[in-house]
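Look at the two complexes coming up: chain A is in both, with chain B in one and chain C in the other.
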Partner chain A sequence: MQLLKVETNGTAKLFLLGSALWFVLGTLEGLVCATHMVAPDLLGGISWLVFGRIRPMHTTTMIFGFVGSALLGCACYIMQEVLRTPLWSERLGKVSLWVWNLSIALGLITLDLGYSQGREYAEWIWPADIGILLAFALIFVNCLQTAINRREKIMYVSSWYIFAALIYTWLIYFFGNAVWNPATGAIFGMPDAILAWFYGHGIVGLFLTPLAVAIAYFVVPRVARAPLHSHTLSLIGFWTILIIYTHIGTHHLLQTPVPTWLKVLAVTGSIAMIIPVMTVLGNLWLTMRGRLGFFHQDIGGRFVMAGLLWYILTCLQGPIQALPVVQKVTHLNNWVIAHSHMGVFGFAGTIALGGLYYILPRITGKPIYSIRLADVQYWLLLLGMSGFFAVLTAGGLVQGNSWLNGETVYRTVPMVHVYFIVRAAVGLLFVGGALIGAYNIVRTVRGDQAPAEERMRLQVYGETP
Partner chain B sequence: MRMNPSVLVLGGLLIFAPVLFMHVILPWLTVGGEPPSEIHRARTTIEDEGRSVYVNNGCTFCHTQFIRNFDWGVGAQRVAHSGDYIAEQPHLLGTERTGPDLSQEGGEHPDDWHAAHFRNPRFVRPESIMPSWNFFSGAEMIALVAYMQSLGYKMADDRTARQKYWKDEAVAAFESGPQKNVEWLHGHVPEPWTKLPNPYMSSRPGLLRGHRIYQTQCIGCHGPIGDGMGPAQPFLYPPPLNFTLLKDRGITGGILYYQIMNGITGTAMPYFKKDLESEKIWDVGNYVAVTFIGRTDAHAEPRGIDASNEPVENAK
Partner chain C sequence: MNYYAGWLFLVVASLLVSIAAFIWGLRSGQFADQDRARYLPLSKDLLDEPLVAAGSRKRKTNAAVLLLIVLMALAAFAAALLMSIKDHQIG
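Our next item is the complex of A and B:
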C-alpha cells in the first residue's frame, strides 16, 4: 500500500511534511481570529468562521498539527540516530502517522461544525482523543522496541526526553481528557478545572517542551561540532523537569476558589521551574560557547538557537507571572496570550522548525530546496513573534490595569482596539512565513533544488546535484 | 547514572503517580465532596441545552465565569465560591475576559435584550467585538438565552423575577399611550431627582463628549436621531424610548441622570453606573436634552456653588 510504504525515515519525513501544511492552516485560523477582534462583522454570521469555533481550532492545530507533528517527526529520526538503530517498524510508524493526522483532522472538522468539549486544548471530541492516544501508544511502542534493539549501548539524553514526552503525554492526555467519560470529556466542578489545567499546562510542558529540548540536545552539539558539556547537568535537567513541571498547572487558577494548598504548590513549582530550564540552557550554552559562528551558517541550528532564546524569555516570564501579585494585573487579558504564543510558537515551534530544517536534508540526502527562502521565513517569524509579544503584552497591561482601576470590560474593549489591529497585521508575517515554509518543504521533500542556489553550490563547492 | 528504557519508563511512572495523586486525585476527593453553595440550584433541561450551545460554540474563550475579590465589573456582587460549581461539567471558568464575566449574568438583562444582542451584539452595545450569532436556530437561541438567565443560580432567579415583574408594568405603561408612559417612567424616579436640574452648564465641549458617549452606548436602541428606532428596536418590547416625546412632559436633568445611572429594570434599558462616571452621565443626559428633547435645564436654579472648572459668566 502506497500510504503505508516502508522506506527509511519515511515516517519522520511525512510527519515533517504534515507539520508544514498544518502550520499554514494554523496561522490562517489565527488570522481569522485576529480579524474577528478588529472587525467582528467582516466574517459575521458565518457559523464555520465564527471566533468561538476557530479559536480552539487555531490552538489545537498549532499545538498538535504544526508543532506536535514536527517534534514527533524529529523524534523518530533522532531516536534512530542516537541509538544507531533503524526505527523498529517503519510500517507501524506510517500507521501511527496516519492515525495522528486523521485524528487531528477529525478534531478540527468537528470543532468547526460546532462539536466541542469546551476545555482549553482538550476541545476535541472523544473519537479524536482516542486516535491521538492510539498514535502516541504506537509511537511509544516503536521507540521502545527501537531502544531495546539498540546497537549503541549508551542512551543519549535526547532519547530520554523523547521517552518522557511519549509516556507523560499519553498519561496526561488520558487523564486530562477524562476519556472514561466520552460524552463530556470532563469531571464535575472545581476538580474539573484543576484536572483541565493539569492537562492544559502539561500538554505544553510535558509534550512540547521535552521534545523540543530533545531536538536542542541533538542539534546543538552537532552544529557546534563539540561534545555535550555535562552528563550530570543533563541528568539534573531531565529528572527535575519531570518532577517540577507536573506540579504547576493550578497556577492558571490562582484567582478561582481552588484549595490554597494547591495554589501554594503550583506557585512554588512554577518558581522552581527555573532549575530545569536553567540547567538545560546552561548545559547547551556551555556546549556552544565560542562556536556561535557555526549556528549562523546552519539554518537549522539558527532556528534552534532562536528557539532557545525564546525559551529563556518564556521561562523567566513564567515564574514571574505565576506570582499572585503579578497575576492581579496580568491574568485574563492579552498578556497571557503573548506568553502562550512565546512558549508554543517562539520556543517549541521555532525549535521544531530548526529540527525540521536540520533533519530533512539528512533524510532526503539533498540540500533544502532553498536556504534563501528558509532565511526569509526565519526573519518573518522572528519579527512576527517579537512584534506579537510586544503588542499583546502592552495591550494586556492596558486591560489589566484598567480593570484594577474599576473600568468595565466594555470600556476596555475600545482601549485595546489599536493593539488588535497591529496584532492582526503582525499575524500576516506568520501566515507569510508559514506559506513560504510549506512551499520550501514540499519542494525539498520532492527533492527539488532552487536553480540559483544549485548553480552557486556548484561554483563554490563543485558539488554535483 | 546509566539510562536505559526500563529506568526511563519506571522512573517516569514513579514520578507521575504521586503527582497525579497529589494534584488531581486529592483535590478531586477533598473538593469534590463539598456541599453546594447557598445560591446553587439544579439547571432545567432547556438551561442545560443552552449550556451545550455555549460550550460547543466556544463562548468560554472570551467570557469567564468567576469573580475575583478585586473585580468591579458586572457580577462583582458575588465573589466565586467552589460550591457554586459542583454541577459544572465541563468547567467553564475561562481564561480570558475579552468580554465581561458571566457568572452573575442571569437577570442582568431581559430576554428581548439578549435576542437583539445575540443577533448582532453591536445592536445594543455599539463598541462590542463579539461575533454575531444569527446563524443559531430559534431553538438554540431560546435555549442559550435560558442558560444566560440561569447564570448566578438563585441570585439570578431573583433578578429574573424582578425583570419579569417590571416588564409587565413597563409594557402596560407603554400600551397606555405616550403621556401615561412618560408619567409612569417619571413616577418611578425618586422625588429629589425629579426636581433636580443638571448642575453643570451646557457647553459645546460637553455636548461633544455627550455625543461621543451617546454613539458608543445609546445609539443601538435609541437611534441616531433619538427617536428610538435604532437597529435593536425590532427586537425590543417595550421599544426604546423616543426622546422627542419627553418635551414639555416634566423631564429634568435629574430624571435623565437617574435613569441612565440606574436603567429601567424590566426593559432593555440597562444601568450605566458601572460603565460611565458621573460627569459622563451628565454630559450624555444634556446631549439628549439639547439635541433630541430640544430643551435643557443645565445650570438652572436651584443650584449650589459652581464647580471650580465652570466658566465664570452667569456664575455664582
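Our next item is the complex of A and C:
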C-alpha cells in the first residue's frame, strides 16, 4: 500500500512535509484572526470564519500541525542517528504519521463546524483526542523498540528528551483533555482550571520544549563540528526540567481563587526554571563558541541559533511575568499573546524549521531546492516574529496600564486598534514565509534543484553533492 | 482535597516515571562514560560534507539583527517591571 510504503526515513520525511503544509494553513488562520481584530465585520458573520472558531484552529494547527509535526519528524531521524540504529518499523511510523495527521484534520474540521471542548489548546473533541493519544503511543513504541535494538550503548541527551516528551505529553494530554469524560473533555470548577493550565503550559513545556531542545542538542554539535561541551551538564538540565516543569502551570491562574500553596509552588517553580534553561543555553553556547561563522552560513544552523535566542528571551520573560506584581500589568492582555508567540513560534517553531532544513537534505540525499528561498523565509519569519513581539508587547502594556488606571475595556479598544493593524500587516510576513517554505520543501522532497543554484554548485564543487 | 485528585495523580505519575527512568539509567551505566557521550551526535558522514563559514558581512548583519532583537526584548521587560513597581508604590 503506497500510503504505508516502507522506505528509509520515510516517516521522518512525511512528518516534515506535513509540517510545511500545516504551517501554511496555520498562518492563514492566524491572518484571519488578526483581520477580525482590525475589522470585526469585514468577513460578515460567516459561521465557519468567526473568531471563536478560527482562533483555536490557528493555535492547534500551529502547535500540533506545524511545530509538532516538524519536531516529531526530526525526532524520528535523530533517534536513529544517535542510537546508530534504523527506526524499528517504518510501517508503524507511517501508521502513526497518518493517525497523527488525520486526527489533526478531524480536530480542525470539527472545530470549524462548531464542535469544541472550549478549553485552551484542548479544544479538539474526544475522537481527535483519542487519535492524538494513539499516535503518541505508536511513536513511543517505535522509538522504544529502536532504543532496545540500539547499537550504541549510551543514550545521548537528545534521546532522553525525546522519550520524556513522548511520555509526558501522553500523560498531560490524557489528563488535560479529561479523556475519561468524552461528553465535555473537562471536569468542573477550579480544579478544571488548574488541570487545564497544567495542560496548557505543559503542552509547551513538556511537548514542544523537550523536542526542540533535543534538536538543538543534535544540530549544534554537528554544525559546529565539535563535541558537545558537557554531556553531564546536559543531563543535569534534563532531570531538573522534569522535576520543575511538571507543576508550574498554575502561574496562569495567580489572579484566581487557587489555593495559595499551589500558587507559591508555581511561582517558585517558574523562577527555578532558570536552572535547566541556563544549563541548556550555557552548554550549547560553549559548544558553538568560536564557530559561529558555521552557524551563520548553514541555514539549518542559523534557524536553530535564532530559535535559541528566542528561547533565552522566552525563559527570561517567563519568570519575570510569573511574579504577581508584574502580572497585574501584563496578564489578560496582548503581552501574553506576544509571549506565547515567542515560545511556540519564536523558540520551538524556529528550531523545528532549523531541524527540518538540516535534516531534510540528509534524508533525501539531495540539497535543499533553493538555499536562497530558505534564506528569504528566514528573514521574513525573523522580521515577522520581531514585529509581532514588539507590537503585541507594546499593545499589551498600553492595555495593562490603562486598566490599572481605572479605564474600562471598552475605552481601551480604540487605544490598541493601531497595534492590531500593524499586527495584521506583520502577519503577512508569516504567511509569505510559510508559503515560500512549503514550496521550497515540496520541491526538495521531489528531489528538484533551483537551476541557478545547481549551476553555482557545479562551479564550486564540480558536481552536485 | 478530592477536587485535586486528578491533578495530584498526574504529578505523582510523572514523578514515578522520572524516578523509574533515572534508576534504569543509573543501573544500565548511562551516566558512566560521559566524555564519549559528547561525541555521539557527530558521525563519519560529516567528514564528506564541505565546511563553510559565512563571510564577515553576513556574520555581522546576522549578529546585529539578533542583538537588536535582544535589546528590544530587554527594553520591553524593563518597561513592564517599571510599570509594576510604580503601580506597587502607588498601591
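Here is the rule we go by: the second predicted complex is superposed on the first by the 463 of 465 C-alpha atoms of A that agree within 3 Å, B and C clash if a C-alpha of one lies under 4 Å from a C-alpha of the other, contacts with A are read in each partner's own complex, and residues count from 1 in each chain.
Just so we're on the same page, a contact is a pair of C-beta atoms (placed from the backbone, for glycine too) under 8 Å apart; a residue touches a chain by one contact, two chains touch by 3 or more.
This structure is a prediction, so every number in the text was calculated from the model and none was measured.
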| item | value |
| --- | --- |
| Side-by-side fit of chain B and chain C on chain A, or clash | clash |
| Partner chain(s) touched by A:397 [first = chain B, second = chain C, both, neither] | second |
| Partner chain in contact with A:235 - chain B first, chain C second, else both or neither | both |
| First (chain B), second (chain C), both or neither touched by A:3 | neither |
| Partner chain(s) touched by A:325 [first = chain B, second = chain C, both, neither] | second |
| Which of chain B and chain C A:114 touches, first, second, both or neither | first |
| Which superposed partner A:247 touches (first chain B, second chain C, both, neither) | both |
| Which superposed partner A:293 touches (first chain B, second chain C, both, neither) | second |
| First (chain B), second (chain C), both or neither touched by A:218 | second |
| Contacts of A:256 with chain B and chain C, given as first, second, both or neither | first |
| Stretch in clash, chain C with chain B, out of 5-13, 41-49, 59-67 or 77-85 | 5-13 |
| Chain B/chain C common contact set on chain A | 154-155, 163-164, 167-168, 171, 175, 187, 189-191, 194-195, 198, 235, 239, 242-243, 246-247, 328, 404 |
| Touching residues on chain A, where the partner in the complex is chain B | 36-38, 40-41, 43-47, 50-53, 55-56, 114-120, 123, 144, 147-148, 154-155, 159-160, 163-164, 167-168, 171, 175, 184-196, 198, 235, 239, 242-243, 246-247, 249-250, 252-253, 255-259, 262, 265, 328, 332-333, 336-337, 399, 403-404, 406-411, 413-414, 420 |
| Chain A partner contacts - residues on chain B that touch it in the complex | 1-5, 8-9, 11-13, 15-16, 19-20, 22-24, 27-28, 30-32, 34, 55-62, 64, 66, 68, 70-74, 80-82, 84-101, 120-122, 125, 127-135, 216, 274-275 |
| Of all residues in chain A, those that touch chain C in their complex | 81-82, 152-158, 163-164, 167-168, 171-172, 175, 178, 187, 189-191, 194-195, 198, 217-218, 221-222, 225, 227-232, 235, 239, 242-243, 246-247, 292-294, 296-297, 302, 305-306, 309, 312-313, 316-317, 320-321, 323, 325-326, 328-330, 335, 362, 382, 386, 389-390, 393-394, 397, 400-401, 404, 461, 465 |
| In the complex, chain C residues that touch chain A | 3-4, 6-7, 9-11, 13-15, 17-18, 21-22, 25, 29-43, 45-46, 49-54, 58-59, 62-63, 65-66, 68-70, 72-73, 76-77, 79-81, 83-85, 87-88 |
